[in-house]
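One structure below.
Just so it is clear, A, B, C and D label the chains in written order, and each chain counts residues from 1 on its own.
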């Protein structure tokens, strides 16, 4: 009976097999492995996606692309379409939309890096797909199933960020909608949950690293982690990134900005090029302890 | 002063005035009052919206409409488009979509009751607007700002359900998107939040009644409460409905079904016609203690 | 196996019968009724416990006792021993300890009101028992089982406040420790839980009224509610008190102070004598709708 | 600035300096370093405390002590006094109390390992202090301030476990009570918090690793982590232990049992001797990446 599936009893393996036939593991060693532009997810490599929160200008995104590539990043991240909790924007914080997508294209051409960017509306899918290698479904749209289905139908790889209030079961439900469209390149990304006890004015969410082994116990999909958004605080990004790799994350998304304190949005969270370079080297060492790697040998 | 260093600085009045110029109160006695099909929200009447979770069939929805009207309800609720946490549907649980919208139209013609139903995609707005008097934005779409903006632009009244993980600030941000389109008939609806400690296998959410005085302290919009979805358990619907009215709710949404145990979805939560009738009378008595009313005099 | 009792699956009736043989209901109509100094708990009367947070002075406590009695209160509350989250005290906020207990005795003699006050250490039990009619176990000590056992052994009635992080199961476990000592006069008191989304600088907790029907479904013990501590905000005390009575609470505890803004502690939450008097009359009306009463006829 | 209007203003540095003058850092490089039986906490070594949940028998505790010592552990943990959420005990799950404390003494003599064990009542402090090197305040007693004060007065080092519902501010308040008694050897231990979304039937809490950098930002006290209790699930102990070290934990507490599946309590969470040995080696490698170490060189 559906009624005695308890709320805390978020996921039982039986429930999984029944509700999420595509997302659930068939056996203990079942893990998806897939290629995105020559980079394999779900294998020994831990691909790194780095870049600014927003694609503020062509100059900024190209400069960042060059620098994160030099440090070993595998994908360039950056938002041209960007939801905010209220409809007003400062001068600085303006979505660059079509123009920003174009600038991502320039950065891609300059560096060869794959692109990941957020899609918020079906109507912009075609435009965004011309440039992006991975479509990001933001946490606010994790339960916008029509958008997920439409995005999945493009056959572009999808990364689905967990809503800050979503259980593992809710999150896998969203993945199932994408898999149901025949798209097998689905990445899940943890980015912090709301809890009664945050730690700081500038800490909005709690990074849930326990979900990494928990998710990998029941789903074959790769699990990424975004420590920048969860901590919302630069000094914690390095320890939480190392912890994410140690916990078994399959990919890491990081906010990197040439001039973090002047980032158009959330200036407390991006790290600069130097910190990113050092972090890449440390994460690579942690990865090796788990038989994985980040930097190319 | 130590007392205002409380944790959870979700909403300060200054923050409100700046971020939510349209949703925030201009002064302590500022409360919106507006008419929807002859029924006034935000006044001494507490309009009741009742009906089944899903518009299962024409017969079911018409029978329910007749009965909830007889008991004093002001609006008929029922979903024809209905999100689920995973893409699969049982035979019973099938969205009736265009057909269901038509059946709501029949029930409206038969009884004269206003209709409230959920919209999930912009493409169905025209169809739904032909029949509905209030567009419901479900909790899963509370942060789907493009959908809220598109729905608001139709000028139909909107009811925005709070996401189970959303703060008051997040919720008012969603309202601001709707108000920003020049639509002033916006209702907010509390329907339970996730907490670490639920009380029962069949209790998914905790009804947050404290948000009623909290919201009314800072916003002029009417605050509805839906005790059916939060409790997910028939025996608690009556006490929590009475408590909602006592706490100052401006409207109540209830799930009512002719044969609750055979409801196509969530059969543990709807109440039957008799219970609804008794509840209406009790709620009316509680309303009078606060100088308000539910049943017509 | 105990291990697969899921966390959200806080309480199943079977689990209850096994783990909490004394606290759990034997059947659906099983509710404890007991007398404390001529006042019956668990019956149609809803006893009201009112008074200041701290027993600041003899004058204050006697004046308050006289006034809350006049308005219809059944017990006088006030803390002489009082935990704080850190070891430092302002001049104003000093525990009056032995002296305060003496002043409670004076107020009792003057008015005949029963007394409820908090006990924090076994060593003060004898002293406190000379004066008090109900021993309060504060929320911080809800899992201090040795203290609960010692307090229960005195045979004085006990009121156990729910810890802000405790599930219903945790809370009933604490009650079981008390019942296990052969003390049958146990009252449970909800006083707010921590959640990710509070509503105001001055709102520390969320009053969980859904726990009232939830608890009464499985335990025969009377359930009290304390809206003052949960809301931490005077203007919300009245709506949440009415909602508590409407939800089925068996007793209400309220903070009342002759000069609320100058209360030695938490000056944002107590109400004054006039507000208390009006609230008593409104709560009494709500109680009657549920076939209960507060004021004597 | 929008960025520091975050919700959950739990701890501001100013608030810390005022409320917690002893626990708060005086400057950015202020970290306590202290010796317990020849082992330094707060330095480059990350001391490991390992052993069974309960001191079930002399044989079990001595065997475990020998094995965890061989693998490199620095302290032996084991409970002789042990709170449970309800007053009943199975035959297996019986507190061994005075006898158990004696057995810890035997294990100490055999191996030279320091001992850490829980104290629940002041009256047993003398007995426990004869054997233990660190007194553990369990999470249920984190707000039992009289117990903390009494334990601190013995001058034995104290480890204070965070309550599952406690904020960082609440936790540091408890530490302040201990420091206030002039005891400077205080260790804080994170062991999982309650959140709305757990991941598994057997996952009761969510390990909050973000609190490690958060706490170290404001307090000079060493921060330990206990991944066994939080995950409640053997397969997750290794990844979460590595993540704890990567996040900067100053000490790790682990449940190790010779025959985990037959542990008298919580048999899903202890790891066996082999797993512990491998984990020690992996944790040591992660520690080196942060310039620290676990195993002796």
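Here, contacts are C-beta pairs under 8 Å (C-beta built on N, C-alpha and C of every residue); 3 or more make two chains touch, one makes a residue touch a chain.
Since the model is a prediction, treat every value here as computed from it, not as a measurement.
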**Item:** Longest centre-to-centre distance from chain B, chain (CA-based)
**Value:** D
**Request:** Report same or different for the chain C and chain D interface, where same means the shared residue numbers exceed half of all residue numbers found there.
**Result:** same
**Asked** Just curious, how far off is chain C from chain B if you go by their C-alpha centres, in Å?
**Response** 33
**Request:** Would you mind listing the residues of chain A that make contact with two or more other chains?
**Result:** 6-10, 165-167, 170, 194-198
**Message:** Which residues of chain D touch chain C once you look at their complex with the stated criterion?
**Reply:** 7, 19-20, 83-88, 120-121, 140-141, 143-147, 149, 163-167, 169-170, 173, 176-177, 180, 194, 196, 198, 201-205, 232, 266-268
**Prompt:** Given the complex with chain C, which residues does chain B contribute to the contact?
**Reply:** 3-12, 165-168, 170, 193-201, 203, 206-215, 217, 230-231, 235-236, 239-240, 242-248, 282, 285-286, 289-290
**Asked** Can you name the residues of chain C that touch chain A in the complex?
**Response** 6-10, 165, 194-197
